[in-house]
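Here come two complexes built around subunit A, the first alongside subunit B, the second alongside subunit C.
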Partner chain A sequence: MNWKLIFSRNTRHLRILVFLIVTGSGGAFFVRSQMVPADYGQTGPYRHAALVEIAAQPSVLQSDSTCLKCHTNVEEERSESPHAAVRCLHCHGNGKEHIADAEKAAEFPEHMISPAGEWDGDFRTHTDLFITHDRATCLSCHTSVVGMPDAFLSINVAEHLDEQGAEEINSKNVCFECHEGHSPGL
Partner chain B sequence: MDASSFVFPNDPHVPWSIMIVLYPYITGLVAGAFVVSALYHVFHQEVLKPVARLALVTALCFCAFATLPLLLHLHHPERAFNIMITPSATSAMSGFGIIYNAYMLLLIVEVWLVFRPDIVALAKTTDGRLGMVYRLLSLGDREITKESRAVDEWLIRALAIAGIPAACVLHGYVGFLFGAVKANPWWSTALMPVIFLASAVVSGIAALIALYLFFCWRRKVSPDADCVRAMSRYLWVSLTVAVSLEMLELIHMAYESGAEWHAISTLLTERLAISYGVVQVLIGSVCPFLLLLLAVRPRLNPRWLTALSGIASVLILVQVFAMRWNVVVGGQMLSKSFRGFVEYPLHIGGREGLIAAAVILVLPFVALIFASRLLPLWESDETHALGSNPLQTADTRNSPTTDTLISVTNQQRTMLNEENSADPDSVDYGAVVRNEHV
Partner chain C sequence: MTFELNILNNGGGCNSGDSAEQPCGDHTGCGGCSEAPDDSSRRQFLTKASTIALGSLSLTLLPMSGDLLSDEPSLDNSDGSLADTGSEPADQSEEVVYGFLVDTERCVGTGKCLTACREENNVPEGYARTWVERFVHYKDGTVQVDLVPETGFADSDIPPIAPELVDRAYFVPKLCNQCEDAPCNQVCPVHAAFTSPEGIELVDPDRCIGCAYCVQACPYGVRFINPDTGNADKCTWCYHRIQRNETPACVEACPVDARVFGRLDDPESELRKRLAKIPTSVLKEHLGTHPKLHYVAKSGEVI
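Right, the complex of A and B next:
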């Protein structure tokens, strides 16, 4: 190619094209400079202020220590049980409203703490605190599947109920006929 | 979501929906179509000339809609800009913004340069709003000389050369995204970018054969048998390479029989038995392999060639979609526990449903039909017409020789070119203007 052509009238269209691309790119960089927050990238690929904002948000999931402040008996019940490793919210939901209720009751003793409802088997409809006696909760961990470590107590539910001579084998609460949730005696 | 066997509590559903299946499918078509155009522009495969323009415009039309599935998948589509304005050097996903923008710019410039003589000719001969569009597209410079075309053609070739690695990176990075997910054994392999790239080339060539035959049927002209045969050969070779790579990966996993193999084999033989075994392997790979073997025989009747290549291309397009589905959705059905599977309920309606997916798939074709009405996609002697010579005056442009959209014979064109050649700057470069619309 004849390089002199680059500055001749034969390449006017290309100069217009380059002008448009450069102008467009410059515009894009200007828009970017306006859009990117000033504190972006100070401590990583995020707004530094986001750390403070997130820390200020009220927590939704509760730690066990929050629950055990009031339910001291539960800590004792499960202290010797394998279920000591299971977090409260795994079986009872996150209990955000319940804790807000409890905090209000601590301030105003006349405030009634609403009781937890029975779990209906669906996490999507029952997202806050619940009491569950549904065997689905137990079997979510204890159903025997290929590859489960031997040390983990897992069962084939039909065989197990047959061995134990359970009568109401289709009952949702059948596990609780023999086992107690906090200290299942495993 | 239904789950079976042992699934981790944080792993119960498939987050990447059919939209994430569509995304690599569409970008694959872009990369594949571009490779075909590059075979013509860079490697001078003259036999592909009938589809060279179609290939480039097809790549552009599909590329224009490649991000739509991602935007529908994002619950906050406006956040797509974040990945563009604050790219992270350590994130493969944020590389998308740079790769996609660069590739799109390259495609637009190359298409513009290829069609510039036509745009200029049409800008001079078309009135009304359409004429305004052509005048805008000509960027205000409606002068074409031998030297300017020489520079343009040099640039087209340079862009086509740069476009090959760009197309490879565009699609290779999609495969890289999946291949880099180390927690998922169905994805995590260094071969994944290569497999995606090979299947992209396959889908692009198949789409071009199907589109070329479709447009020929709409224009009521016979397809160029040599071109279809050549594309079928390329398709057969690339299909063989792509399927071999996919099978090698699978055989490698089976032979290794790692801890994850029992889960993957169950996934393929039970959960994906139809979409993998039947659609991807049997209908989409074995059948087209045999059909194309028959199609590329030198003395085959052109009708049979068209029929066999057309059927094989459609089957291959289905195969590549099934492959994307089996990788994207199949990989998520496999629980991270390797002990259970989750289900992906494909909804009909909704933002990420079947109807939305079908609309997205149709949109590039609509854009292509629109583009075919705007720009002449076909270069053939029968449809050539003399575009107005850009350097001619208004008076001479009204002469019969430069009247709009008239068909001329080769003999006439030769005579006219001889007349024009008296002025070195006013050579007619065969500004090709289509006299029929698809």
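Right, the complex of A and C next:
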């Protein structure tokens, strides 16, 4: 190979071209290595850590299985009633703090929480949980609204109370004079 | 390569698509060679030609597959910090496919799913990952669509509708359709919109630049720009919950089982049983997005 010819003045334009290609592609590879995350493409065309981060979010809403660990009697009552599909949080709220407290108490048996029925009041249930006999809880679902399926029990409160001959029509817990939340009966 | 295959296809008179895989010599794959039986030299040539073609084809493919195989372990080793999340390949091999069914004949519009979603996913006020519409078909033929308030219609200021004017009415919960061919995913310029191995469309908050291209691309309007983060936000079918075998928050919060979540690949799941029992449809089927969200509703009536 004639090196003299290659590095002569006649091939200056070629050398410039080679220089540009080499530095340009080198620069492009460097920029790409800086911009593309290391774990990109590990499980697909995305940053794998994003998948892990999203999956690691804590669950906020509590499922029934958590509640029924302690409140075993409720499951029996509810399973054969029209409220079988209704879950704890629909009426009692999410109860995340309540559950955290209960889990803490489980470590100290002397503070063990008792199920609602036989609760002796020793354990401080500082909760967002309400064990309420409020008609608003029932009516948040059962108020008759256009669009509800016929199979669903929707009522007009005033009519229903009148039909049943309720005495204290305006009382908050009027529903519970006849119905029990866990097994409402009909 | 294509040249050789063309010879094979044209010269052999085989028009079937799989002639490249199965040589014509034994008449199994092609539609039957139309040559006379005594034309043996031509047949020999075709047999040899197809053998050479297939052989060279496999030779060109071999180094490619070798590259792929050798690349993957090196990627895994390059970042040791992610080695503990070894569950992903297992999920891929199992091919988990999630599906969702919304039963418009059961929904009573209490709005409990909306509150649950907001609490679970920290969705700012005024925005929603899921919402419920009420379709009211009046007797005079007009259709009215309301948005169900989060506290339900019972306490809302929305004027009640006289039932005698209404032909029929029903509630339609809306959420991400988790399309198999998701338009939102395809338009993302920075690969922040991606599909998980389970087929769930997700947003990488670190990569998203908030250009809102995906918001416009989604034909179902489920994406929005979260004002708190500036990123695109969307329903993920509560990806973090379903990874722990919990149901999505809206499903957990539905008191009438109008929302059914489950695995489409498991014939024993409640979802598959419900899907088999009742006729269902998907939204905007003509767009070819292949949603994994199914509706119990008249096809084309709900949009």
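Following the convention adopted for this analysis, the second predicted complex is superposed on the first by the 114 of 186 C-alpha atoms of A that agree within 3 Å, B and C clash if a C-alpha of one lies under 4 Å from a C-alpha of the other, contacts with A are read in each partner's own complex, and residues count from 1 in each chain.
Just so it is clear, a contact is a pair of C-beta atoms (placed from the backbone, for glycine too) under 8 Å apart; a residue touches a chain by one contact, two chains touch by 3 or more.
Note that the structure is predicted; figures quoted are calculated from it, not measured.
Asker: With both structures superposed, pick whichever of subunit B and subunit C touches the larger number of subunit A residues.
Answerer: C
Asker: Just checking: does A:Ala56 make contact with subunit B only, subunit C only, both, or neither of them? Give me first, second, both or neither.
Answerer: The answer is second: A:Ala56 touches subunit C but not subunit B.
Asker: Would you check which partner chain A:Asn94 touches, where first means subunit B only, second means subunit C only, and both and neither mean what they say?
Answerer: second
Asker: Applying the document's definition of touch, where does A:Lys172 land relative to subunit B and subunit C: first, second, both, or neither?
Answerer: neither
Asker: State whether A:His133 touches subunit B only (first), subunit C only (second), both chains, or neither.
Answerer: In the superposition, A:His133 touches no partner, neither subunit B nor subunit C.
Asker: Would you sort A:Leu17 into first (subunit B), second (subunit C), both or neither based on which partner it touches?
Answerer: Only subunit B is touched by A:Leu17; subunit C is not.
Asker: Give one of first, second, both or neither to describe whether A:Pro45 is in contact with subunit B, with subunit C, with both, or with none.
Answerer: After superposition on chain A, A:Pro45 lies in contact with both partners, subunit B and subunit C.
Asker: For A:Met35 in the superposed arrangement: first (subunit B), second (subunit C), both or neither?
Answerer: first
Asker: Classify the contacts of A:Val145 with the two partner chains as first (subunit B alone), second (subunit C alone), both, or neither.
Answerer: both
Asker: Mind sorting out which residues of subunit A both subunit B and subunit C touch, each in its own complex?
Answerer: The overlap between the subunit B and subunit C interfaces on subunit A comprises residues 40-41, 45, 140, 143, 145-148.
Asker: Which subunit A residues qualify as touching subunit B in the complex?
Answerer: These residues of subunit A touch subunit B: 1-2, 5-6, 8-14, 16-17, 20-21, 31-32, 35-36, 40-41, 45, 140, 143, 145-148.
Asker: Under the stated contact criterion, what part of subunit B meets subunit A in this complex?
Answerer: 5-6, 9, 81, 84-86, 88, 91, 105, 109, 112, 116, 138-141, 143, 145, 147-148, 150-152, 154-155, 262, 338-340
Asker: In their shared complex, at which residues does subunit C touch subunit A?
Answerer: 75-76, 78-79, 82, 85, 88-89, 92, 105-110, 112, 116, 119-120, 134-136, 151-155, 160-161, 163, 166, 169-171, 191, 194-197, 202, 204-207, 236, 239-241, 243-244, 246-247, 249, 252-253, 255-257
Asker: Which stretch or stretches of subunit A touch subunit C in the complex?
Answerer: Within the complex, subunit A contacts subunit C at residues 38-61, 63, 85-87, 89-90, 94, 139-141, 143, 145-149, 152, 154.
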